[in-house]
Each structure stands twice: as structure tokens, then as C-alpha cells.
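Take a look at the structures listed below.
Shared chain: chain A. Partners: chain B in the first complex, chain C in the second.
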Partner chain A sequence: MSLRTILRKELLWSRHRALALLFVLVLLPAAFAGASVFFQSTLPKDAPVAVVVEDDAVSGAEYDVVAASFRLFSKPVRYDSEARALRDLERETVYAVVSVPPDLGDPAVDRVNMTVTIDGDMTPYREPSGALVSVVSATMNRQLDTRVVVDREVRGEERKLASYLLPSFLQILVFTFAFAYLPYNLASEEAVLDRLRVETSLDAVVAGKLLFFTGLLAVPLLVFHGLGLGLGYGVNLLAPGAILAYGLTFLACGAIATAVTFASGFGTTGRLLNVLVLFAFLGFSGLVYPAGFFSPLRRGVVRLMPTHYAMVVVRGTTLRDLPPAEFGTWLGGVALFALAALVPLKLAMIAYERGT
Partner chain B sequence: MAGREATDGDGLPDIPRLDPGAVAPIRVEGLRKRYGNVLALAGVDLTVEPGAFHCLVGPNGSGKTTLLRTLLGLVEPSAGEVSVPDARLGTAFQRPSHYDQLTVADNLDVFGALADADAAWAETVLARLGLDVVRDRIAGELSGGYSRKLDLALALQKAPAYLLLDEPLGELDDVTKLRLLEFLGAYRDAGHGVVISTHNLGQFASYVDHLTIVHDGAVLLDTPRESLDVPDGELQELYVERILSAASESDGEG
Partner chain C sequence: MTPDGQALAVAAVAALLFTGLGAGALLLTADRAPPEPYEPTATVPAGVDYVGTVNLTAYRSDPAVANGSRASLGFQSRVEFYAGPPYLRSLALSPPPNASLDPTNASRVTYFGRSGSRYGARLVVANWTGEAAAEALESRRGIGFTPETRRGYTVRRSEAGAAVAVLDNGAEGGPVPRAGPRLLTIGNASAVEDAVDVAADRAATDAEPATLDGDLRREYRETSDGYVRFAYRFRPSTVPDYPFVGPAVRTIQYVGSSYTLDRAGTNAAATPAVRVRIHITSEGAGSADDVRNILAAGQSFYLLQSSNDTLKTELRRARFNVTGRTVVTEYESSPAGLRVLVRGLFRNQPEPESLDPPASAEPSSSGRPPARGPA
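This part shows the complex of A and B:
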């Protein structure tokens, strides 16, 4: 029976593709299922919030009351300077800033005003911050004799989700370009590599490929920028800091993807592994939801990802028009990450050359 | 030596002449290459003289391709010495090795620039190999024969002192094979070394200056053609006999 023969052929095929099948049917599903632990809750229950104590008149007990009232839906972090707290708000290190007013615990004072400041460009935090203010207000009024009025102040204009997402979508494209298109393009030219190695060097070939594709990013960058302008989003995707962050992200990810491609000898396993790495970068770079969302575990992982800092630089420079110098350290870190990614790339190329 | 007819007379520009005395030979001493448990080359000694037509012949899996790739610097030896003169090497592999998405002309342009090739000579190669008619075709859409010719053109366009070819006549029709052989003979006659890796010695019999038979990663016979007292038509037979004899000795030892 022909169907039986064909099924037998599929079985024989699968015996010779055990590693790839193991990857597709076991490792990939396990990774997806396992990744769900990073998204345990939809509310940012431990997003860092700056609690500023600028006035010496604020007692330790008063700070503790404020910090405790924030603890239910966030992670309070003590700051001694409002300017520093606001700078960290711009850098997405904290998502809200609250100043502890003096006389909070003084029963002689009838009413105290407290302000929770959020950034208008941090669209995903707008609604959670409203809930946060309600909870904090209720908690403090329950605990204190003084009536506490908690106001929410938005710095800058309240940005719409559509324009907030524009730089994120471009970063998603950068990742996809690096982990899907670049390896595909390399694989399509695998047959030429031997000739190229005779005529020049693999280093020159790979360097040329990475630089050319980095340059090609200028096209989608201009398309996104043009569309953003046309739609009236007020997002400057041509900000130098953003261009640098996108370019460095591509170089780093492209180097990783190329390393995987060479290490796998241009095999299916390498292509699948690159897809897995792509998903990891998409899930843990804080592209849409900032680091404090979903779970402490996810926040921990996101804060370790250099691409998260690249995304913060992109948002800061495109949405808030901050100068790139504001993010000098982080851009330096992303550049170091790109340089470090060249090490596995070089090792994979050496292994490839020895193995052919 | 057979096949030393004039390089002129076909209406095409001459092949640039090279003084073989000005080029050092390729030398291989005690070359070993191991891939895991497989010993691909088991101590090969070899000298390839400039200006000679050198055939590396052996059955599939004998190690001749590994030897050729080692000469090209594509394979790192496990042991032994490989001395390749500081001269231009040109190569064509068994598999097509060009950019499929580019046209024939674009491929020649890219690799010509990498090799700093002379434009006039590159045009000559194109014409001599009959590639000028497909100059603007996408390389990935070429027939097997044209695809192989393109690889040869890429190898030739820098006028290499040594031309190293792995099974160069595969997929070619008989007329094209004949023309290509004539061209390779003329190229040798102009002072360039031609190294052919093949399992079909008969096709090259009338051009061979030096013969190396490789079997199980070792050199079974390494001799100038003139020392073999057999006509061209019996060279393939001689090779097959040597291989069968070596195989039966191996079986006997086994």
C-alpha cells in the first residue's frame, strides 16, 4: 500500500533528522511553555517607583508609611533627590516619582497633598498608575489620621499607544532582520564561501555582510519615520541616539545569528536555534511593556538584556527628544555587547573553517 | 608532450604567457588530515611543478579533494607541511561556487575586483569559454554546463599561476569538454600549472604531464607521464589496475 510506504519513508526521514525534530518538537515547545512563567500577572505589581525624601523634616516612620502603601502594586526605591528621580523616570529605571511631604504623621495637620508623577510617554503605565494612585490613597487614609490627597501628575503630553509603539515595532523589525533574514541570506550564499575564502578571507566576507545589512536598516528607518510623520505621531526616529541604538542592536544580534549559523554548519538546527533566540530577544527586551510588568522574574531577565537598554535609549531619544549623551553609559554598554558578540562569531568561524 | 598546439589561430586574444621558471613549485610533505576517526590523508608527499598538467586521480573518497582543498588553504592539515608559492591560485570546485542571484557579468565583476583581474583578459576568458552569450543571464538560471564554465571563468580571470580544478568536466557535453580541454592545454602551454582532481583519467590522458594516483588517503603512484610506457588510450586502464591491485592487497591484509 503506497500510503504505508510513504509513512515508512517519513519514519526513516525522522530517524535521520532526530536532532532537528528534538529541537522542534521538544526544546521549542518546552521553551515556549517555560517562558509562560515570566508572564504570571498582567499588572505591574513590582514596578519600581521612586520615593523621594528631600526634606529633613520627613521622619523615617513617615517614609515607611508611604513606602508601605506603594508596596502592594510596586517596588518603592528611596531617592534623596527629586532631580535624580525624575532623570531615572526618563530612563525607565523607575516608572513613577512620589515625594514624601513633611507633616504626614502630624495629627495637627488636617490635610496633606502628595503627587505621583508619571511620564506621559510611558503609555503602558498610564492605566496601572491610576490604579496605583487609588490604592495608595486608600491605604494611606486608612493608616493615618491626616487626610492624604494623592494626585497623579503626567509629565509631558499623554502619548497615544499607536505612536508609543512605532519605535518598538522598528526594533522588532531589527531583531527579525538579524535573526531571520541575515542567516537566510548567508545560507543562500554558502556555496560561494569556499571561493571567497580563496580570494579573500571569511572575516572580510562576514564583516562586509554585517556592515551592508546594518546600512540597509536606513531604509526601514526612513519608511517608519516617514509614516510616523504622515500619521502625525510626533516621533523622531532619526534621532542620532536612536539610530546608534538600532545599529548597535543589529550588529550585536547579527553577530549572534551569524555565529549560530556558522556553528551549525548552515544546518537546520542553526536556523531553528536562531528562531528561538529571536523569540527570547522579542520577549525579554522590554519592547512594549517596560521591565516592571508581568513578573519579578521577567523584570530580572529584562534588566540583564543589553537590548532592553537599547530600547530605553530609543524611547528616550525618539519619544522624549532626550540627547544621546543622556544615555552615554547605556549606549556604551550596548556597543560593548556588540563587540562581545563578535567573540562567539569569530570562534564559530574558526570552527567552521576547521570543519570544512 | 601531448596537446601542445598553438594558442593562437582561433581569432581570440592570446593567453598571457608566464615563465614557469619564475614560479616556485607547490610542495607537500608528510601531509595528514584527520576528520574525527576518519583519516582522509595519511602522509602525502607531492610536488606540483609550474607549467605542468598534473592529474590527481583516485576513486571517490580517496582523499584527492581534501588534498586539493589543503593546497588552496581551505583545509588545515593535522600534520605535515604544505608550501604553496606566493603566486595566484585559481580554482573551480565540484559544486557550483558563484553568486546564483547575480548575472554572469556581475559575478565576473565581483570576483575580478577581488582578484584585481585584468579587464581585457577577463573578456578573453568569457569569449574563450563561450560565456559571452549568457553574460546577462542570472547565474542561478544557467544550465549545469554553463554554470561549470562560469566557475572556470572565475578561476581563470586572474590568470593564476596554478589552476586547481576538481572534476572540471562533469556535466559538460562532449563538444564543450573537448574545447575546454584544448583551452586547459593551451593554458598549460602558456606556462601556467594545471592541477586536475578526477576519477576519470581517460578524459585528460593526452594532456597529462604528471600523474599522481591517490588511494585511501595515500599516494599509490607519483610519476611523470613520460616514465609510463603506455599509450594515452591505456592510461585509464593502468590507473584502474593499480587501484584494484591496491584494493585487493588491502582486503588481503584485512
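This part shows the complex of A and C:
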């Protein structure tokens, strides 16, 4: 067979798979190129920080000055209670707590101490927060007559990046399992599905598969946990809240992936679409960096993703040993998301059954 | 013919005569289009980095307004965030009055030029002759001017680099569409020659004048109105590094400002407030947010530290809004407080390279030392 003949064959092959090629050569590159707009800065310029007054002696103008100083590099959020601000620090709603001291505007006072508290477990924010504090300190001292000493206080253990990343990597595995392995497994069993439908319903078959794969997650969970223990990371991946969050995440993502697989008739396009969705979840679930690390746009998207809250629950329960009840609302939200994901799955299955 | 008939005939002839004269006058006035308003930038050459106009009639309408505006603009011109367009420094420059040249006679001045270059001139609408303007400069600088002809216009040039030309001799039909005031251009010889070329092209029917265009023209037009209007292309190299937001400040591309008078709520004798509106156009919406945050931080710092209650009230009313990639800054002040207000609003910006007041003998873009009033 000559090269010309082979090339002609390839061309004919391309015509038959125009949709898949369109997806791979146009849609996928466009999605990746388009995603670049969500990444504007390499520093957490838009990370929310809580600004709370130390006592009633702090004036509105003093509060405004501190908030304005941080607004250049963060997104200050006003808090009335330090306790609530610190609770939100643990829940990653904010990434630092700034206490506004009194007397900032009093020329008779020579020196004022201001405290910026960060969470030691939020490893990617630790170093940038040091730079942020020094810049804020320099800005305030340049502008104010009173000398301002900004102290950075780290709450809890200063966790190393390796142990910080362990729960995130497991979440990445959960996503990959849901959007890559599950669709592959479904496609390979397409013929079997039709036979099983004779004896039982498609709903039961799919539900059984989703539950089985969710159970299978126990294996990588144990592997991660064991390795974490062996490496001395001090991460409790078997925390009930984390297990629940991982499980709900898989159910939700698995339902979406299965819906796409059925809707595409188990075709290549469906698998490619699942890969695209996988990248979207990986990129916008705030798995590693704080929300607001790259851009306000990305922060907005991350805060809309239920899987981001699942990740925060996992970090809160595995790294900080917080009880799952602390995240009850968020876990409920992720559960609702998983339930909602069953709707497109059911619709896709109905369409599949009618088509076959 | 009876006496009555004669009187009737004379009256009829007189009536016909007056009717004819009236109709003729009516026809003459009806055929003439109303004079177009003077477009200050129409004679500004293309390829400039800044353009600004000052309506001197409004500027001089109140001494406090003139002093406040000059001080405010002078401060802004020295702050590197605004790249310090040299024409604003030269706002304080003026040919000295002499027997035939009265600075207070000028009604409008337009500045143009290029940043970081001596290229620059002003277009002055005044009842000045070219000779009087050149004489005033000669008496000031001790330099001589030699008349040359360029495309039908007389350009008086000096070896020091300055030049003077009359673009409109006050006759109707020139760039200033009414009889009386002349349009002169005074400044660097290259800039003056370019202005002469634009005027010559405008006068010719078959030539297209290369006048102010592009984004700078758009930025200038967006200042919409005001007795002071200016726009200039930002020169990012003048901004030093500033942690986190430095790159955003360096992405500023155009700045435009307008100063308007607000007489609302005041009687005719009272000094009007000055309303300032500044457009700062940056590369993108993100950097515009950063610029807004810098300005807002300056406002907060000043509010905390100022002990002047009037100023605090004015500061609280200052607004910084982001529209797309443009920050619109608006504030209003009494003329007396304007300079202080502007200084406060911009105090948190990147450290200017020089805030020293311009030296008293600092030459302008046209190579002349400063004097007292505008134009």
C-alpha cells in the first residue's frame, strides 16, 4: 500500500469521525485557550481576608485605612466578631484575619501593633501572606505618622506542602476515577448492559455500578492513608467527614460522567467530553490554591462549585481535625448536588432506552 | 401731479427703497451660515502625546478659580502617575504684557506636544499680532526672530528653537470663524511648523489635514466639556515598581481630565466650586480595579489624617468608579481646597520620582521660562 493510499484512507477515516475530530481539534483547544482568562496573577491578590476591629475604640476611618491597605492585594471582608472570623478562617471562607487596632490615627501614639492571623494548614497561602504583610506594613508606615508594626500570627501547625497536598491528590483521583475510568468501564460493558436489562432495569444496573465504584474508592483511600501515615504527614484521611465528602463527590461526578456517556451513545465524543468536564472540575474546584489566588473571576467560579466545598470539608476534617458537623451545611449542599446530578443521568438513560 | 400725488409718489418710492434694502439685508444674512464654534483641536497636528485646552474666559472669571485650577493642575503635572505632561507646567507660562500684547486678552489656549521631547506648542486665540508676540518673547529672552514664509504663512523663527506664527489673521473664514481674534501658534519650531501645515491644509480644499486623531482624540473628546480639558498618552516608563499593583499602574494608557465650574446653590457673587472628572484608561478591567483601589486607599489615608473638616467632607464625596477598563474619578471642591484635595487623593499612588516644585527658571517646551498667568 502506497503512502498516497494510506493518506487517502486517513482522509476518509477523518470524514467518518468529523464530530470527534471537531471536538478534539476545535472545541478542546478553544476550551483550554478560553480557560486562560481565569488566570491573571500569580499571587493571591483577590483572596478574601477578614477585617475585624479589636475594640469599640476603633474609628470608622481607622477601619477604612486598614481595609484600603489590604484591598490593594486582597479582598477585605468586614467582620464584627473575631471568633466568627477565625471560624471562617478554618473553613477557608477567608484566608487571613486582620485585627484593626485603635489609635492608628492618633498622632500622639508613636507605635501601634496590628495582627494578621493566617492558618498554618493553608500552606500555599503562607509564603504569599508574608509578602502581603510586609507590603501592607510598608504602605501604612509610608502614609501614616504613627509607626505600625504588623505581626503575622500563624494558627496551628505550619504544615508542609507534601502533607497539605495529600487530600487534594486523592480528590484529583476521585475526579479521574469518575470522569475517565467509569465511562471507560461503561463503554466496555455496553453490550452487557442490554443483556442485563432483560433481567432488571437499567436504573438498577447503573445505580449498582455507581455504588460499587463508590465503594471501590475505599481502596485508594486506604492506600493514601497508609502512605500518609508511613511518611509521617499527620493527615487523617479516614475522618468521617472526609469519607463522606469524597463519596458524595464521586457520586455527583460519576452521575454526570455516566449521563454524558449515555447521551453520547457510549461514543468517543462522550469520552472526550468527559475529559473536558474533568479538566473543568480540576481547574475550578480550588483543589490546591486559595480561592482568589489567580483572579477575581476564578474566585467567583470556584465559589460556585460544590466540589470546592467538598474539598474544603476534606481539608478541614483531615488537616485540622474539625468535626463533620462543622461542615453540615456544606456537606448537605454537596449531597444535593449529587442528587441534582441524577436528573440529567435519568434523562440520558431514558433517551438511551428509547433509542435502543 | 398734485402735491398730494407727489407726496404719495415719494412715499411709495421710499417704501420700495426700504423694502428692497430690507429684503437684500435679509437675503444676505439668510445666506450666511451661523459661525461654527471654534474647535480647539482642529489645528493640532497628528502624532502628539498630549492635548489640552483652557477656556481662559471661564478660567479668569474668578481669581480663586484661576489660582485653584493652576495649583491643582501644577500638582498633577508633577505627579509621575500622570506622567507630568509638560504643557501643564507651562500653564503658568505667559509672554509678559507689553504695549501691544495683553495676556488677559487671550480667550482660549490649546496645548499640544510629545512627552519626553521639546516638541510642543500652544495655540492661542487672542487679539495679538505676530509681531507683538515675537516682540514679547524677544524682550523676555533676548532672542531675535527672523520671519520666513511657509505655505503662505509667516513663521517667525529664532535660533533658540522657538517660533511664532499667525494661523488666522482675524478675518472671517479662518480657523476662528468670526472676525476679530487671531489664532497664533507659539512654541517649538517643529511643532509650530506642523500647526502651520495643518492650517494650510485646512484652508486648501484639496488637501486632507493630518490633525489630531486616533485614541488621543477619542480620549480628549470623552472629557466632553469643561473650562480645562486635557488628554494624554501615558508613558509607563516613568512609574517605578510598586509591589503587587505596579504592573497595573504601568498599564495605564490614557488619562483625560476636565474641570467644570459648579455654581449651583451659590449666588452670582460667590466663588463657584470646581468639579474635576478624570478618566484613567488602563490595559484591562483588572488593572483598572487596581488603579481604583490605589486612589481609594489614598482617600482613606487622607480622611484619617486630615484635621480639616471641610476637606474631609469633600474627600468623602470623591468617587472612583470603574467602567470597563476606565477608572472615572470625580470630586468637587472649593477652588481654595482643590490643590490639597488633589494631593490627598493621589498620595497613595506609587512614589513619584520628583515632587519638587518646578524651578522658577525651568524652560517650557518652547524654551521659555515661567511667568504668572496662563496663555
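By definition in this document, the second predicted complex is superposed on the first by the 354 of 356 C-alpha atoms of A that agree within 3 Å, B and C clash if a C-alpha of one lies under 4 Å from a C-alpha of the other, contacts with A are read in each partner's own complex, and residues count from 1 in each chain.
Basically, contacts are C-beta pairs under 8 Å (C-beta built on N, C-alpha and C of every residue); 3 or more make two chains touch, one makes a residue touch a chain.
What you are looking at is a predicted structure, and each value in this text was computed from that prediction instead of being measured.
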Partner chain(s) touched by A:A18 [first = chain B, second = chain C, both, neither]: neither
Of chain B and chain C, the chain that contacts the larger number of chain A residues: C
First (chain B), second (chain C), both or neither touched by A:L3: neither
First, second, both or neither for A:A325, with chain B first and chain C second: neither
Touching partner for A:V65 - first (chain B), second (chain C), both, neither: second
Which of chain B and chain C A:D145 touches, first, second, both or neither: second
Contacts of A:A108 with chain B and chain C, given as first, second, both or neither: neither
Shared chain A contacts, counted only where both chain B and chain C touch the same residue: none
Chain B-touching residues of chain A, taken from the complex the two chains share: 188-189, 191-192, 194-200, 353-354, 356
Chain C partner contacts - residues on chain A that touch it in the complex: 40-41, 43, 45, 61-62, 64-65, 67-69, 71-73, 104-105, 131-132, 135, 138-139, 143-145, 295-296
Touching residues on chain B, where the partner in the complex is chain A: 69, 72-76, 89, 91, 93, 95-101, 111, 114-115, 151, 154
Of all residues in chain C, those that touch chain A in their complex: 243-245, 286, 289-290, 293-294, 296-297, 299-301, 303-305, 347-348
